[in-house]
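Some structures to go through are shown next.
First chain A sits with chain B, and in the next complex the same chain sits with chain C.
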Partner chain A sequence: MYYFGLINEYLKNYIKSRLTYRADFWVEVVSDLLFQATNFIFILVIFMHTDSLGGWNQNEVVFVYGFFMVPFGIFSCFVNLWGFSERYITKGEMDRVLTRPAHNLFQILLENIDPPSLFGSLIGLVIMGISGANLGLPFEWWTIPALIVLSLSAVAIYTGIYTTLTSLSFYSDAPTGILPLMYNIQTYGRYPVTIYNRAIQVLLTWVIPFAFVGVYPAALFLQRDEMKGMALLTPAVGAVFLAIGLLAWNYGVKRYKGAGS
Partner chain B sequence: MNAIQVQDLRKTFKVQKNREGLKGAFADLFKREFTEVTAVKDISFTIPQGEICGYIGENGAGKSTTIKMLTGILVPTSGSLSVGGYVPYLEREKFVRNIGVVFGQRSQLWWDIGVIESFQLLRKVYRVSEQDFKKRLDELVERLELQELLNRPVRKLSLGQRMRCELVAALLHNPSILFLDEPTIGLDIVVKSEIRQFLKDMNREHGTTILLTTHDLQDIEALCSRVIMLDDGRIIYDGGLEDLKQRWGTGREVLFQFGNPTKLEQLEHWTTGMPVVWSAENELGAKVWIPLDLNVSDVLGRVVGQADITDIKIIETNTDDIVRSIYQSGSAEKPDEMAAALKDEREALHV
Partner chain C sequence: MSDKLETAVSSSAGGSSAGGPQESSRRLLMGAYLDFIRIRFLTMLAYRVNYYSGILIYSLNIGVNYFTWMAIYGKGESLGGFSATQMTSYVAVSWMARAFYFNNLDREISTDIRDGSIAIQFIRPYNYVLVKMMQGLGEGIFRFMLFMIPGMAIAMLLFPVQLPTELSAWVGFLVMLFFSFLINSQINVITGLSAFFVENNEGMMRMKRVVVDLFSGLVVPISLFPGWLSSILNFLPFQAITYLPGSVFTGRVQGVGIWNVLGVQVFWFLVLLIPIIWLNHAARQRLFVQGG
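And then the complex of A and B:
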């Protein structure tokens, strides 16, 4: 309850400070969407040359992409750790965070909240709706609850992986190389994993499970029975990776060295 | 009851060694070498509730590291500590609700929103009830005269204004222990003395325990009944400021202004048999150094009757001098030797 109250307060302050920079807000929304649009166009271009990708047709791949955008938007809004190493470790703002009575990771996430990213989730829902209708997918009683559970599980997977990697900042001075690499790998998850070779499939399923933020959960709605088991596994994978992330983080905080003076 | 209890506290950092030159940089790429730096070396002290204690030392002496351990930011390498009944790094989130922290060089407030909005946010973070918050805020705002600043964004405040807001932010939840890391750094004299007075009142009215680090010894003189002096990670002095002055002060100086030119030899002649040192300032002025065990009035008595004096000024050894010489020697334990050094320095100046 306390933490929900805080989310509310921080959002209010975000809006207050952002209202002074309105243009900035819209520029961010538009550039986010343009970024997604280029990826989307890439998919369309592929299907101008072929009718199926590893046994998936255009509407199915587009549907997977739509699903991928939903948890990614939520994650980008609430878990924005890009500048962590520089802002909190190098400049020492972690000191301030640690002297306040709320969990430190939670405070950091709230301080870097980025609501424009949520537009991506909305667009994702629209894409799912359109391609789902094209495919004639049935709308069941469980569709909405499953969408919520699977999206949140996918957000948990992202959060787990990125907090684990960001917590390396507590040990090394500048682990700048890993995050962009991870960012590239995660885009693999929005295509059917079956198109990759075996090693990459295993990597994307069990090591850095980005297949669980896109194709596996989407398969449940696409009635792809071969991946149904994987789809149902998503919440478990989310729980495991989130737990790893939080443990790594809490352990890292104990190693925090502070900055300069 | 003790507000702060520290026993054999130690903090060691691993610092990366950078080898010299391009070749060294390549070597570092494959095999890192580390050196261990001990910032705080087994220090012990206790601070009773309601005390204002100054924590001083040169840059890099380990002050900030100690404060960071006491506030739960850093985990000590060894030793035990208890602050307000908690072990800071173990139950951090519960513990910090009882303390207030001000880092002079860092802001606690949100840059883009109004001051009052920052306070509201802190109220939520610290779970202060609306009623308590209002009462406390009114009191603090009135005391520090912040009425007109409340709706301005923090980035538009001057340093002095911001510092006063920082104090309010650290005190909204009515902490029983307040940590101040260089609270007056970069402030003008008016704001400095305002803040000192405020802290003094806080301590008197609410019994708040205050531990502050500073480089401005006037802060210490105005506020602290006790100082802990740190050098190279060790405590070299812990006690009253007056004691320090007495142990270290070597004497006083008296400045004379004469109505007509007075020769130095003449002055020396009047005070024969006294271990005093005269020096000329200019034709009409002279200075005499009087050791502690000699009464100033005895010396004055000899001079006043005979010379035509227009003005007399008595100068006590000032704390800055004392502390500077302690820093230079790195120890407060050998006052005799140091006193001699101080005296030498003084005489050197006079010759």
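And then the complex of A and C:
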């Protein structure tokens, strides 16, 4: 209950500060979508020259892309750890966070909340709707619940991976450049993993499981039987990686000594 | 560096009588510009660890594109005038060219404008835009030696990239690469200076990045775009950054065509000078410093 109250307060603050710079909000929404559009245009152009990408047709690839946008939008809205090392460790903001009663990660996430990203999720849903209709996908009783569960599991995977990597900044203050690396790897999850070679497939499935934020769960709705098992595994993978992330984070905070400034 | 600059100031202040002092002050200023290149290079060198992961990222990007294109080619015909091998080389070369020409001049300039430090820079006896270009060049030289060349070596190990064997192709490519750098930096400078007029140009900078990546032919070679779009892009400067040099290097454009490509690059380099000079002039009239 206490935490819900906090969410409410932080959101109010966010809206107040944002209403001062209304134009910025829309600029951010549009430029976010533009970033996503690059890859979308890539898909569209590709399918002007072929009708199958590793056995998947245009509507299927576009559907996967649409699904990918949904959890990614939710994740970018609520888990924005970009620049954590500079802002919280180097500048010492972490000390301020730690003196307060609420859980530190919770505070940090709320301080960096980014609702414009949710527009991406919305567009993703629209894309799924359109390409799903083109494919004549059936709308079952379980479609919506499955979509919610799989999206949240994918968000858990993202959160787990990124909190694990961000907690590295508790041990070393050198910028590692590993986060941008992850941002690039995750784009692999948008395409049917079967087009990659074996090593990359294993990497994307078991080591940094970005295939579980895009193509595997989307395959459930696309009725692709070869990936159905993987799709059903998504919540389990999400739980495991979220647990790793939180453990790594809490352990890191315990070891944190402050930047000394 | 700073003592040289001071000499440049004092000599230009007192040196109106004869040609001699003026001449030497100009030489000192040239030296200062060269120092900007050197210092940026050394700064980058201090942070070189950041670029090791950059090499990995670029190899990954090449990988995604490579596997996707190979899944499309399958049967081995050609797409938009690219054979499968040419496409592989094109993807590798254009990402590695980006490793060289990419810089954050737009962000640096708009930060200078927003935190007001540009006021100090404007009263110094040098040309602010030129200094930024020099710093960009220093970064470029660093990126060329410690990012692009090792990255290219790794890309060649991982993917079947075919590089040209004749010397002329290499010389031509290096010249074009330099123009890619110039044109990209000019676009960055224009985007950065726009902060004078819109206060918050974050959105513009992001849009510029998407537009450059997409329309320069980095993500998709321009000849694969639908006809109407590629004919529009032929009239825009972006193709001169990636697509045209990449086409020459992968051997799709040969002979006289190479001179045409170079001509297009020189043309855009000159054309883009106009808005920069105008913006730089207009900015001085408009400058007001918030806070500070």
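We take it that the second predicted complex is superposed on the first by the 258 of 261 C-alpha atoms of A that agree within 3 Å, B and C clash if a C-alpha of one lies under 4 Å from a C-alpha of the other, contacts with A are read in each partner's own complex, and residues count from 1 in each chain.
We adopt the following convention: a contact is a pair of C-beta atoms (placed from the backbone, for glycine too) under 8 Å apart; a residue touches a chain by one contact, two chains touch by 3 or more.
Treat the numbers as computed from the prediction; the structure is a model and nothing was measured.
Novice: After superposition on the shared chain, which partner residues are touched by A:53: those of chain B (first), chain C (second), both, or neither?
Specialist: second
Novice: Looking at the overlay, what does A:126 touch: chain B (first), chain C (second), both, or neither?
Specialist: In the superposition, A:126 touches no partner, neither chain B nor chain C.
Novice: Which chain, chain B or chain C, ends up touching more residues of chain A in the combined arrangement?
Specialist: The larger set of chain A residues in touch belongs to C.
Novice: Name the contact category of A:181: first (chain B only), second (chain C only), both, or neither.
Specialist: A:181 sits against chain C, while chain B stays out of touch.
Novice: For A:5, decide between first (touching chain B), second (touching chain C), both and neither.
Specialist: The answer is first: A:5 touches chain B but not chain C.
Novice: Regarding the shared-chain residue A:195, is it in contact with chain B (first), chain C (second), both, or neither?
Specialist: Touch partner of A:195: chain C, not chain B.
Novice: Can A:31 be said to touch chain B (first), chain C (second), both, or neither?
Specialist: second
Novice: Examine A:93 and indicate which partner it touches, taking first as chain B and second as chain C; both and neither are also allowed.
Specialist: A:93 sits against chain B, while chain C stays out of touch.
Novice: Do any residues of chain A touch both chain B and chain C, and if so, which are they?
Specialist: none
Novice: Any idea which chain A residues touch chain B in the complex?
Specialist: Residues in contact with chain B: 2, 5-6, 9-10, 13, 16-17, 20, 92-96, 98-103, 107, 173, 254-258, 261.
Novice: Hey, which residues of chain A end up touching chain C in the complex?
Specialist: 21, 23-24, 27-28, 30-31, 34-35, 37-38, 41-42, 45-46, 48-50, 53-54, 174-178, 180-181, 184-185, 187-188, 191, 195-197, 200
Novice: Report the residues of chain C in contact with chain A in the complex, numbered from low to high.
Specialist: Its residues touching chain A are 49-54, 56-57, 60-61, 63-64, 67-68, 70-72, 74, 79-80, 200, 202-203, 206-207, 210, 213-214, 219-220, 224-226.
Novice: So in the complex, the part of chain B that touches chain A is made up of which residues?
Specialist: My answer: residues 13, 16, 59, 64-65, 68, 71-75, 89, 92-94, 96-97, 99, 101, 103, 105-108, 110, 112-113, 117, 120-121, 124-127.
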